[in-house]
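Handing you a structure now.
Letters A, B, C and D name the chains as they come in the text, with residue numbers starting at 1 for each one.
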Amino acid sequence: MYIYMHNETATGVTNDLAAVRALLDKHAHPALLLVDGVSSICALDFRMDEWGVDVALTGSQKALSMPTGMGIVCASPRALEASKTARSVRVFFDWKDYLRFYDMGTYWPYTPSIQLLYGLRTALDLIFEEGLDNVVRRHNRLGTATRLAVEAWGLSNCCQKEEWFSDTVTAVVVPPNIDSAEVVRHAWKRYNLSLGLGLNKVAGKVFRIGHLGNLNELQLLGCLSGVEMVLKDVGYPVKLGSGVAAAAAYLSNSTPLIPSRI
Amino acid sequence: MYIYMHNETATGVTNDLAAVRALLDKHAHPALLLVDGVSSICALDFRMDEWGVDVALTGSQKALSMPTGMGIVCASPRALEASKTARSVRVFFDWKDYLRFYDMGTYWPYTPSIQLLYGLRTALDLIFEEGLDNVVRRHNRLGTATRLAVEAWGLSNCCQKEEWFSDTVTAVVVPPNIDSAEVVRHAWKRYNLSLGLGLNKVAGKVFRIGHLGNLNELQLLGCLSGVEMVLKDVGYPVKLGSGVAAAAAYLSNSTPLIPSRI
Amino acid sequence: MYIYMHNETATGVTNDLAAVRALLDKHAHPALLLVDGVSSICALDFRMDEWGVDVALTGSQKALSMPTGMGIVCASPRALEASKTARSVRVFFDWKDYLRFYDMGTYWPYTPSIQLLYGLRTALDLIFEEGLDNVVRRHNRLGTATRLAVEAWGLSNCCQKEEWFSDTVTAVVVPPNIDSAEVVRHAWKRYNLSLGLGLNKVAGKVFRIGHLGNLNELQLLGCLSGVEMVLKDVGYPVKLGSGVAAAAAYLSNSTPLIPSRI
Amino acid sequence: MYIYMHNETATGVTNDLAAVRALLDKHAHPALLLVDGVSSICALDFRMDEWGVDVALTGSQKALSMPTGMGIVCASPRALEASKTARSVRVFFDWKDYLRFYDMGTYWPYTPSIQLLYGLRTALDLIFEEGLDNVVRRHNRLGTATRLAVEAWGLSNCCQKEEWFSDTVTAVVVPPNIDSAEVVRHAWKRYNLSLGLGLNKVAGKVFRIGHLGNLNELQLLGCLSGVEMVLKDVGYPVKLGSGVAAAAAYLSNSTPLIPSRI
């Protein structure tokens, strides 16, 4: 069994699942491929069947832009088969209970959250109205714009290889004389801006800009100008407007017209 | 009777009500002072009693940040007295009906919109939580930042005297070779940004940036960077990031910490 | 010009519009037929074209089950033509302004309440999903059930002719020793039940039970059992359960299965 | 360790926790007392400290009247101590993670559902506004009224001892010739009424009436009249109005005035 995180939220790194699959295939490895898609599914390109993914998992609170509360799992026939003999500990979320009830019609083994189910229906309607491909393209646009801003600020991306850059979150490395936790605190206290803390090994060294879900170009630019002010406030010699200008130069060339308004 | 617009939404001009009052007083003029405060009350400094205003009027959909639907009127004893003998046409909104029912307790002459009344309660709670003075200061901050951006873009304010600048809306004059209606259309079609059209005499010549209500610094900066992209798209040689930089330089020096988060 | 109230909310009387039309036709009378359909349209059978109605009017807060705030008007070509030369006083709601903007596309002469427009879309979706004919039938069912309960209580309907009975509201006459205002007050204070007061000539003599909009059989029965308890509480010798039993006997024979659940 | 269900949802039986505690005390038994309060807490009398409960558990979707999604746990110092050495399987809901983060301030080990936390705040505000004692009394009133209706219908309560009667749910035993699942199905399909199925050993033999949470007297009476119609429809010779009359006779004597409206 191989558990793979499609997109690493803490560091802004996206893994190449197709390559993982190719490697498994090359060695005819029998491992099941399990994908943590919490910060990727519905935002990054993800191909369950083509990449031979056996279990994919996501949550309601990321790219679906819903309230926290729903875990969504998709399992391949191979995974379902394997679960019958697996000896891992299972309690509340045992598939067996759900599968048994699905066979009975629209029932659930436990009290479902009807509100989140209605929310999921609407979230998917919004995604399909925009078009899943367009959603993925929009995230790439927002991610690229963010990276251009970081570069313009003279800061570096925690992710060190271009092919791993994440289109849903960017972890920005601050200079040694700056405490990234102070960046996050100050953004929250003065500009009502929620940035992500650096976690574990990069605590104090990176802050994170999330750019996923129901987010558009101007919301991102508002966030980036907020980050510029925060950087200035905490003593980093940023040129105000520099990151926004770099991001806007790219966005004004790449943002498509809104189809329903043409 | 003297009807005065406190803030002219179409051109971004704020009138000096205290001066109007002083003029009326100087000449011992008996005129009632009626104030259209639709785009000013709860955003700009307004003093009903001190300025001897007889009737003040606003709506729910501007500085109160509520849905459209509620007209709010405040009348002085002198105005109430005058209404008894006035011969202006009155139908649905006749004060007399409302006053009669107020005397009876919590009744209304016609079916009230309970939802908007609850909304008003909450809108006022939010304003009082921030502090009305702080709300007025925030609008001044947002208005100043917008004007600095307009200046940085090399464009001019439709309002020609500094003392008349409006802190709730800025009408921006475009060069003769640009159609301001195209600016508004393009902002809507490409960036999901709602700007205001120039109306009547300034149609085609100005577009308007609203900055009132439940709006903060980063939302305004997102809007300003959107305007920059639109200006570039329609052929105006704007330096991307220039307006945002000017606005942010001012805002990073003037935005206070959020009291509940200190 | 003939102004007709389709359904009289204060007394629970429904007028026969088809007969009014027939009378006008018989005498080749040129009067325009204006219909106040506030408590009828979308609940009672109403046929604008077939009955030659020139102006129909309703509000959002009755059969549409929306918040108060929207007045809805439909005018015939003849009414539009007449409005051009009419000399009645017109201010805010002048059709001319609206018609001019309709021609320009999706614009409005004044700031519209977007929220109520979305609400109207949903209210109509719900009505069409049930089927307008079924909605009318449901109101007839609820009105009939209410009248059977009133009869079982030994009370009488303020409306004296069966063919005028209203399917959206029933005004119930109380005996001389009971104050109907006390019935309404007590229902509100003890059972959280909103009944309508008797108005004007029938003040103190009738209370009203509304049965229109997004209401089903069990909600009505809950209301009827509440009225029974209130009647008992204020000293009327009602047999508890008697009205509910009469209504339920009728409803259990006439309520159809819910189509989506068959 | 002793796991006790305070209120058995499937059969409408309330256990006497004080007696369980007394028994444990009498024998100086060291067992921890764990209480499943899912369908009791915030509706039935529950005394964590007085009854020496070590762990109490409830959910958001029952007496709190919130959406499904939140599990609420309260643990005694003794339970926290025991958890350190216990060897039961623990994954997502391990207290240790939560306790560690509580110490750090307002943080959570995992992404919390902010919406449900705001909902909980409001649910508790509503309960405290009514008064927890009054909430418990209201549930007793609703439970008593339901039992009187069941008796009037000539049916029996699945719970066989009066001291075990549940004030939050009543399981009603149907005669052998009636299928209780058909009662539930028919209620849903014809009257939009959600009754509970009989589970396991009592499947087909009982249906359940829930009467907990944000529910008042008239809503319950509407439900009871619905049950009467369903019973008639499925062939049980019920006298329509009989259960409602019995419940209403009791409720009209016991329902207090609403304090804010006196």
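In the analysis below, a contact is a pair of C-beta atoms (placed from the backbone, for glycine too) under 8 Å apart; a residue touches a chain by one contact, two chains touch by 3 or more.
Chain identities (UniProt): A, B, C, D = Aminotransferase class V domain-containing protein.
Keep in mind that what you see is a predicted model, and the values were worked out from it rather than measured.
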*Could you name all chains that are in contact with chain A and with chain B at the same time?*
none
*Nearest 5 degrees, what's the C-alpha rotation angle taking chain C to chain D?*
180
*Do chain A and chain D face each other with the same patch, meaning over half of the contact numbers show up on both, or with different patches?*
same
_Suppose chain centres are the mean of their C-alpha atoms. Which chain sits farthest from chain D?_
B
*Could you please state the distance in Å, as a whole number, between where the Cα atoms of chain A are centred and where those of chain D are centred?*
39
*Determine the centre-to-centre distance between chain B and chain D, using the mean Cα coordinates as centres, and give it in whole Å.*
51
*What are the residue numbers in chain C that touch two or more other chains?*
none
*Make each chain a node and each touching pair an edge, then name the shape: line, ring, star, complete, other.*
ring
*Between which chains does touch occur?*
A-B, A-D, B-C, C-D
*Could you pull out which chain A residues touch chain B in their complex?*
188-193, 216-223, 225-226, 228-229, 232-233, 239-242, 244-246, 248-249, 251-252, 255-258, 261-262
*Using the touch rule from the top, collect the residues of chain D that touch chain A in their complex.*
59, 61, 67-69, 89, 91, 111-116
